[in-house]
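Per-chain residue numbering starts at 1, and chain names A, B and C are given in the order in which the chains are listed.
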Amino acid sequence: MSDAVLSVDNLEAWYGDAKILHGLSFNLKKGEVLALIGANGAGKSTLLKCIAGLLPKKSGTIAFKGERTDHLAANEIVAKGVALVPEGRRLFPSLSVEENLILGGQVKRSGPWNLAEIYSLFPILGEKRGAPATSLSGGQQQMVAIGRGLMSNPELILLDELSLGLAPIVIKDIYALLPKIVGNGLSAVLVEQDVNRALDSAQHFLCMQEGRISLAGAPKAYTKDQISAAYFGM
Amino acid sequence: MSLTYSRSTKTSRIAAVFAIVLAALLIAAPFWGSTATQQLLGQMMVYIALASLWNLLAGYTGLVSVGQQAYVGLGVYIMVSVTIYLGIHPYFAIPLAGLAAALISMPVAKLVFRLQGAYFAIGTWVVAEVFRLIAAQLGSVGLGGGSGTSIPGPVMQALAVNKFWREASIYWLALVLGLGALALVYGLLRSRIGLALTAIRDSEVASGSLGVNIDRIKYAVYVTAAAMTGMVGSLIALQKIRVSPNAAFSVNDYTAIVIFIVVIGGIGTIEGPIIGTIVYFLLREYFADLGAIYLMILGVIAIIMMLVAPKGIWGYVAQRWQINLFPTGYVVKEDKR
Amino acid sequence: MVWFNIIIQGILVGGLYALFAAGLSLIFGVMRLVNIAHGDMIVAVAYLAFVIVKATGLHPLASLIFVVPIAMAFGYALQRGVLNRTLGNDILPPLLVTFGLSVIIQNGLLQIFTADNRKLQAGALETGSFQLLPGVDIGYLPLLQFIVAIAVIAGLQYLFYKTALGRAFRATSDDSETAQLMGLDKRKVYAWAMALCLGVVAIAGVFLGIRTNFDPAIGPGRLIFGFEAVIIGGLGNLWGTLIGGVVLGVAQGIGAQINPGAQELAGHLVFLLVLAFRPTGLFPRMQG
């Protein structure tokens, strides 16, 4: 598909000898948000890591803006415009908030995001810019992680479990900002445990079950029961 | 379907037969071999012992020591001092050296175990240096100080009635220690400690959570290896007669070569040290004349081995052809009825 | 006054030990690698300087202009070509490969230069001194060594905490996988770290060669002194490493005063004492 920003075809992936992903195929249109839902262990994070280039053992093709990326190293994929906000944030403890953000922009791609813009999106970070990144609260760390991802001015952002370990009110605040983050033609894949939130934020979704896609389409096209069935593999 | 469990495979049973034949040949060596042959075989036995013990420490227990020469040298000096000062017969000095090495290794272990990984390795080296420097200061107690000393004639003569039997005795002692070290390592690995060691090697965290007392096992293995190494050291004194601190505590002779042997032969396997010793002595036979270049070649081979075939010669062979001469695992067979 | 002088001289020699140690500390901090050939590389640099001085007639300190870049290039190539392949979860490969390197370097130097003692001649710098107090003479060379050690450590601290490269080092050291997500190529980051380490090694090697006679076999001793300085000072703290070097230098000086043969032994014993009673060192900042 020519206007697909991300195109995955028959993707299979292994951690060591264990096969995690089985023959996944899907496309993502430019400017859209794709939600990835599924139970723990379904392979959602693995899929994101695969796209980001962190999983060496794989077969099948991944194409970003029509160009194949499955043979590239993670640092090369970031330079092309794909950013991963990893599960659990994974901020650098030896770096301050600002240094974490600056490092996100290491790749030097042009675009709307820079330090000033990130600080205006997340003002609290501006206040705490000099603090060690891991000394912030969970929600604030998530903001740093998102900001760090945006600093590379990606065209595709992969958000892995934004709500992990966060209080409901904090999750609500972060998701309220999602439209601002994903504006400007930025495409996104969103992995999220909270199914309702995921489906509310996305135009399309994939439901994964044991490394396979059990259901795909627009959220409104399916009933709650159908989605439940796909989620639990019944 | 019923299953039978056994320890041995057909290959290991065949190997056992060969081993018995080989052992008989080796025992009879003083009768068919010259002095030079016995000396060579004796040296090989020493290295098989040292390599097996180092392999036990590094390949199985994760304790990469670059300081085992501390216990070799300790064994050397125990042999020299108890025979000269206490008039003890050299035969008895050997187990005494083992005991001394075990006792001294205990506080050493408590110290060096505070370091991890490569820092642990260098820490063991420092301890060996301390032993060497102390030995060099012992001139005042008649142990020759920096330039060393020799085991007196009468002590050597106490070994046996004449030259033939003396050489044979020293050779047989080497054989006992070499085969003894192999038997020790093999026995340990077949026991429950061996199972624990394999678990630790696979995952320290997981085995720790299963109640395996990692620290206690590491400590026990370190002390055992030290004791055996000390005994080998005391034998080396008998083989060489002339001792000096730099030679007795030589990191090149008793660590670098040992590491080379284990890496080439196959780390983490029992057969590896044997293969490695044979390879090392073959290389020495043909290339030692090249001097410093020869040692550089050994270094290059070791590096290439580590990068390309980290499991060594035997590791490759065992994996490729599924051979195990010293079975430590179990073989499960289905009964065909 | 004799003891005061010993302590002063010990402090100054601590500067040289800190130079030995700084590279070790840096590499361990960035990639958890301990290079067993570190001391041999210091000696190899001394030989390199020796060759360059002979060929050009330059003063040994001036030869640093050539020695430092050559050493850094070698470090970069070594890391990219060989050592990067050994990094992973297993401690054995880097340890054994660098041990092999140690054997190769020592014997290579032996083959080329023989076991004869060599020395770098620095003229007036070596012999000149001024009197701080009666009985306490401060040599120009030891003082320069100490000042250079402070400058190098200050430089490294600046680089680590105030530059983009330092940021890359810290991030890759924290989490090399996520660092890839920032566009950092960890193979290059590690190579630059080793290049930097060899730059410091180059400075240490030239000062070693000026200060004392050297031969191919003294490398491991320098590694051990550097290692002891790092452990005494505390892991992950470069200024701590300087203090560690000073403690070692003073301990050795006191030992030498008691018994000339006990110089090294005194240093080792102090190291073991620190290991026994303060195993994380005097000013630790990270875990081993």
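Everything below uses one rule, namely that a residue touches a chain if its C-beta (ideal position, glycine included) is under 8 Å from a C-beta of that chain, and two chains touch if they have at least 3 such contacts.
Keep in mind that what you see is a predicted model, and the values were worked out from it rather than measured.
S.K.: Measuring centre to centre, with centres taken as mean CA positions, what chain is farthest from chain B?
M.R.: A
S.K.: Select the chain whose centre, defined as the mean of its C-alpha atoms, is least distant from the mean of all protein C-alpha atoms.
M.R.: C
S.K.: How many Å are there between the centre of chain B and the centre of chain C, using C-alpha atoms for each centre?
M.R.: Centres of chain B and chain C (C-alpha means) sit 33 Å apart.
S.K.: Distance from the CA centroid of chain A to that of chain C, rounded to the nearest Å?
M.R.: Computed from C-alpha means, the inter-chain centre distance equals 44 Å.
S.K.: Averaging only over C-alpha atoms, locate the centres of chain A and chain B and give their separation in whole Å.
M.R.: Centres of chain A and chain B (C-alpha means) sit 54 Å apart.
S.K.: Considering only the defined contacts, which chain C positions touch chain B in the complex?
M.R.: 32-34, 36, 82, 85-86, 91-97, 99-104, 107-108, 110-111, 220, 223-224, 227-228, 231, 259, 261-262, 264-265, 268-269, 271-272, 275-276, 279, 288
S.K.: Quick one: in the complex, what on chain A touches chain C?
M.R.: 52-54, 73-75, 78-79, 83-84, 86, 90, 92-95, 99, 102-104, 106-107, 148, 152
S.K.: Per the contact definition, I'd like the list of chain C residues that touch chain A in the complex.
M.R.: Within the complex, chain C touches chain A at residues 164, 167-168, 170-171, 173-175, 177-185.
S.K.: Within the complex, which stretch of chain B touches chain C?
M.R.: Within the complex, chain B touches chain C at residues 58, 64, 66, 111-112, 114-119, 121-123, 125-127, 129-130, 133-134, 136-137, 146, 251-252, 256, 259, 263, 267, 291-293, 295-296, 298-300, 302-303, 306-307, 310.
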